[in-house]
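Note that chain A is present in both complexes that follow, paired respectively with chain B and with chain C.
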Partner chain A sequence: MQKYIARRVLLFIPTLILASILIFGILRILPGDVALAILGQEAAEGGGGYTETQIRELRAELGLDDPLPIQYVKWAWSMVNGEFGGESIRSTEPLSSIIARRLPVTLQLTVYTVLLSIIVAVPLGVFSALYQDKWPDYVLRMGAILGQSMPNFWIALLLLLFMVTQIGWSPPLGYSNIWVDPFHHLQIMIWPALILAWRFSAYMTRITRSGMLEVLAQDYVRTAKAKGLGQGLVVRRHSLPNVLIPVITLGGLEVSTLLGGTVILENLFGIPGLGQEIVQASVGRDFPVVQSLAMMLVFFMLGLNLVVDIAYSYVDPRVRYS
Partner chain B sequence: MGTLLEVRDLRTEFNSEGGIVKAVDGVSYDLQEGETLGLVGESGCGKSVSALSLLRLIPNPPGRIVGGEVIFEDQDLMKLSERQMRSIRGNKIAMIFQEPMTSLNPVLTIGRQLTETVELHMGYSPEAAVRRSVELLEMVGIPDARSRLSNYPHQFSGGMRQRVMIAIALSCSPRLLLADEATTALDVTIQAQILELIKNLSTELGTAVIIITHNLGVVARYADRVNVMYAGKIIERGTADEIYETPKHPYTRGLLGSVPRLDVDREDRLASIEGMPPDLDRLPPGCSFVPRCPHADDHCRAEMPPLSSKDGTEHVYACWKGHEFGPLELVQTKA
Partner chain C sequence: MTINNRVLKALVLFTSILALTMVLAACTSDEPDPTPTSAPDTQAPAATAAPSDSGDGAAPAPTPTAMMMEEESRYGGIANFSTRADPPLGWDPMRSGSISVLMPAGSLFGMGNMIRQCPDDGTAVCPGVATEWSKNADGTAWTFTLRDNVYWHDGVKLTAADVKFWLELAVFGVTVGENSRRPVSWNFARWVESVEAPDDLTVVINLKSPVFDFDQLLAVDNQILAHPRHLMQPEIDAGNVNVSPLDVGLVALGPYYLEEYRPGSVAKMRRFDQYYKTDEAGNQLPYLDGIDFYITPDPSGMDTAFRTGRLDATARGSGFQLTPEREAAILSTLGPERVTILEMAQSSFWALAFNTLREGPLQDVRVRQAIHLWLDRPELVQVTFGGFGKMTGMFDPDTAWANPGLMETPGWNPATKDADRQQAKAQLAEAGYPDGFEAEFMCRRLWGFVCEPLVGQLEDLGISIDLQLVDDATRAARTLEGSYDMVMSGPTLALPSQYGSITSSAGTSATADSKHNDTKVDDFFVRLASAGSVEERIEIAQEMERYIAVEQAYGAWLYTENTHTVVREYVKGIQVPIDNYRRNLDFATVWLDK
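Entry: the complex of A and B
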């Protein structure tokens, strides 16, 4: 088991290197000069101009004069030694503190969504399969298709509009830490979590349903029935663990889509997570922040995959013993 | 010895795209306590479905038991509630399936799959169930039984898994064991071991066995009586000796003639039954075997013969001409 985990972790290294090269490369290809953007803004605010020398000095200060490979290595090393790419150009806040402040928020939103989805989706998927092609199944499948086909941001906008115009209430604008003011925290977090969970659980319900139908047709389920077990035991003990194998695998992959959703919803609901910071930094051409936070999201995703793999080996003895 | 099981006019149908398939079409037979009965026929003739029907394990939809009685220990299983039926499954009637590789649950230990049956039907405590499971594994010849309890099915070979299936099936000392092609998927040497095991244990426990197979050698050696099935009906029944010496139905004769034998010249062609098994949703009005029968005439085409014998013996057959056939000579033609 330790060997299995060690192997998975070792596989992280090439993935991380490849992802970092991609992120770094894309940010260098993007049009626009960071130095010009900063000076232009300062000039506009101060009412003055700027000189060629100023541009050159700023470029040197930001390390943009170095050849690309050196820039990359410097950045990559800073990700390892804990500086996480230095500091923000706009606020000069160190990235380590930005990440420490924002990562837990995104993490919480993701965890709420996943927990909510599992609690709802697995029982509904099983229920749907047991009532295959009867009306409860049709209702659930319809709800799942709606959840999967309506864009998150659209539902979010409709929900906000509805709350403001119809019940005259909107989620609070300021964010609170869960340890400081849990009620306030949940008031703001519950809405994006619900919206994300609708989509995620729609997907999970569908996988659970189809997995359950497949398992119910297996020989070992017939054996369980031939032993005289009731439906409860046949489902809980003999079917569900086998259904969880595909559900965990596919659900884990789908979390990457979920992360994309959190970026958008954090902005709509004013939640100070990684997603909100990435969008603000992109607009302000704050490239150290963008590249380091994008890297954090990759890291986060890989970590989740590891959790999925470990969970997977826990349910499937064939993996555990290989 | 009394009668353990009486099946009367059992009918099971499946809905398919082509219409209603009568997989089991009015099957009647009985079984004495401790008897071993062979149920023989080609693939798709309704052998397995008739066994699953006894336990009411036909997947519905698409299948449905539409009629008949199954009197087991003086009660009609078809009239029991689902709860009463569950207390019989795995307890008084147990079943071993064809596919040892897929019939055990891959994510549960062998121990769990053994203990749950005795916990359920015999009310054993978890500790007692474990002790009983060790006994059962030793009984079916699995070495190092105690430590094997924590193993998973993928750590066993096919033959070992079938032994585990037998241990599970016999765990509550059932009155009746249904062995549905229990050895078909195994190597020939393992087949013999498993069959001997079933025979010895059933004799020891006084369990009646229905061996469902298309392997005539198996039936000849282990069955007291034989039912031959064709197209959802029993078309011949007799003791194993009667069936092998003087088969009366042309289908049985064809079946026996198509077994390869070492004592016949290899240059000779193996006799085979012409044609294909019939579509069960498009059966001819008379005898189902007519399209493949070399002896068929207008009478056969018009009317299905009843299961009977001319001389009133227990060896019965559903053929108008059965009485004309004598002991089977090997009907083989020069190639």
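Entry: the complex of A and C
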């Protein structure tokens, strides 16, 4: 087991380095000089001019004078030592402070989504399998397909429009911490969590359904039924535990995509999480923020994969012995 | 271990991770550093003097003359306004002229500095924290007398030394050891040689050469005094040369102080009882108990919140000002009687600028004039902004800088468009291009929606356009190189002299959009600087407009967009700037009728 974990961790590190090189490289091969972009934007909108000296000074200020490998090493080291890439060009706030403030908000949204999804998806998946090819199954499958096929932002816009035109209500403005004002907090967070959960639970429902159908056709289930056990007991004790293994694994992997899904919804609902920061930074050409936050998201995705791999090996010993 | 136990353990592990994450997340405070909440110091006396001061330059107009004061104003209430993003760069007006700074920061910092542009007349200068100002005979030294009743939000009295500190920081920057702070490219900065503070209430600015419109250059509203010396100097001495207003708690001079700022969420301003201004009746400003500026990064989210009463006003700024469709949706939900639409000109003067230094047809003035005559501005306004705009020359036709009647002359006048277009064709043929020609049209990518309709009209004239949408860096680099035939120009300008950087000859300004070697254009800016009176400057500006936009047609000036924002009908007293939507945003005179 320890060897397996060590192998996974060792694979995690080069993957992370490769991803960081890609993120750093992509932002560097985009056309244009960042210093010129900043001064050019000011000039284009403000009507002011700029000189070669100003361009040189700004390049130096942004650390763009160094050769690319040096720039990369400086950035990578700052990611490791807790500075997370220095500070934002746009707000001048240290990135460590931005991440400390915004990451918990995004994590909360993710947790709400996962909890909602688990509560809903597993029972619905089981129910759908038990009523295979009957109308409850059709209704649930249709709901799941809709949830998977409609973009989150589109559902969010429809929801907002519905609330405005039909009930004259919209979520309150100004984010509050759950411990400071729980009711206000939930009024803001529940909508994006529900929208994300629809998609996420749709995926989990389908996995649970197909897993349950497979298990229900197994000999040991038939034997349990032949012994005279009731359906509830057969499902709870003999079928569900085996179905949950792939559900946990695939659900865990899918959590990482949720982090990306929050980007647009955070903007729409005014939630000050990482997604909102990334959008604002992209619009404002704040490359240190984009670069470091993208790296953070990659880190979380890879980290979740690692956790899921380890958890899976713990649940199913065949994985670590292979 | 049975499979059931293993699954159970895995579930427990998974749930524990989630729970831990949840606890960690929720335990993190949503009130970040820095959260400046210094309450006004009670030692500061209440302001009593009404602004009734004059300078020697322009017509002095005490502050609230342009506001909608048809009803009796009243105190109290918190207004909920929208702003599109967190103010960038530490809320520092020295480093960002973004509307995201100006929208909430106006109420915090107040508008302008010692002096400011008058709310109802962009050619005039009004008092700010100074009551009087004068120049010496040759226009090389300007003396300002400060009010004796201006306090920072922490109760410290404003003195001439504070203003000197602010001016020197802007004009010269600062260097401590290896750390340098860049000077600011504000309009007035390049003329300043030194600043003196002979006593607590007197500031003297010595200039490198005579500048008779220096007060106008200094008064431009985004040049805001927002840098408290008593808080910033120690930071700078410690090597933090780029200290921002946010770093020192946003202690400022405006009508509201900051109670709480939660980035990405809300900035809460509350009434500063020692604010130095009063209304015409001598009542202390501001009227409101406070303003909550909600950060609404998505326009549709903002519209929704306005329609359901969460917001009392929508935000300004690109993408957030209303389109005709969004305005109609709001009106249909709330009804016209429940909203007030505020229409403001933007002072962004869109123009198609020509490069006459590049070999080709645009070196011929007849070709440039043909384009000027051909373009159908009203159609462009309709297509580009849904009708929310108006034709302009180099200046807003509703301001004194513009030539009266210019919009009725060929090129602009819709009534003569058919004849103008025939004339355009004739001039093109006369110049030797009866079948048109090819041209490279460089356009900032963000402005694609503005450039694309232009391409259609230019191709109707016979010009085969190669539209090149480029990022800001490429645009800046190619502007320096002059590697284009035409470029879309859309600067925001408050004064004629600001055109210097974008229309001067190539020898004077390498960043000019219009490229030419015409030194007569440079002379206009020299004359503007040395003109002794506003009337004289207006005359020069009008002459410059006729020469650049009509006679030489170094660009085809098109239109300015009108900003539409909405406020609820009970929001009263908003000053609507006549010529620049970025101005006059301190909300000192706003009150709620509910």
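As a working rule, the second predicted complex is superposed on the first by the 282 of 322 C-alpha atoms of A that agree within 3 Å, B and C clash if a C-alpha of one lies under 4 Å from a C-alpha of the other, contacts with A are read in each partner's own complex, and residues count from 1 in each chain.
Following the convention adopted for this analysis, a contact is a pair of C-beta atoms (placed from the backbone, for glycine too) under 8 Å apart; a residue touches a chain by one contact, two chains touch by 3 or more.
None of the values given here were measured: they were computed from a predicted structure.
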Exercise. For A:N242, is the partner it touches chain B (first), chain C (second), both, or none of the two (neither)?
Worked result: both
Exercise. In the superposed arrangement, does A:V105 touch chain B (first), chain C (second), both or neither?
Worked result: second
For this session: Please indicate which partner A:T165 is in contact with in the superposed arrangement: first for chain B, second for chain C, both, or neither.
Result: second
Exercise. Which partner does A:Y314 contact after superposing on A: first (chain B), second (chain C), both, neither?
Worked result: second
Exercise. Which of the two partners, first being chain B and second being chain C, lies in contact with A:G230: first, second, both, or neither?
Worked result: first
Problem set entry | In the superposition, chain B vs chain C on chain A residues touched | C
Exercise. Can A:A6 be said to touch chain B (first), chain C (second), both, or neither?
Worked result: neither
For this session: In the overlay, answer first, second, both or neither for which of chain B and chain C A:R222 touches.
Result: first
Exercise. Of the partners chain B and chain C, which touch A:V114 in the superposed model: first, second, both, neither?
Worked result: second
For this session: Mind sorting out which residues of chain A both chain B and chain C touch, each in its own complex?
Result: 237, 241-242, 245, 315-316
Problem set entry | Of chain B, residues touching chain A in the complex | 55, 57, 59, 86-91, 94-95, 97, 99, 102-108, 112, 116-117, 120-121, 152, 154-155, 165, 168
For this session: Over in the complex, which chain A residues touch chain C? Could you list them?
Result: 30-34, 36-51, 54, 57-58, 61, 90-93, 97, 100-102, 104-105, 107-108, 110-111, 114-115, 157, 160-161, 163-165, 168-170, 172-180, 237, 241-242, 244-245, 248, 252, 267-273, 276-277, 279-280, 284-285, 307, 311, 314-316
For this session: Provide the residue numbers of chain A that touch chain B in the complex, in ascending order.
Result: 217-220, 222-230, 233, 237-238, 241-242, 245, 315-318, 321
Exercise. Where on chain C is chain A touching in the complex?
Worked result: 3-4, 6-7, 9-11, 13-14, 17-18, 21-22, 24-30, 32-33, 80, 85-86, 88-90, 97, 180, 182, 185, 242, 244, 246, 262-266, 292, 294-298, 300-301, 304-305, 307-308, 310-311, 333, 348, 444, 471-477, 479, 490-493, 498-499, 501-502, 509-512
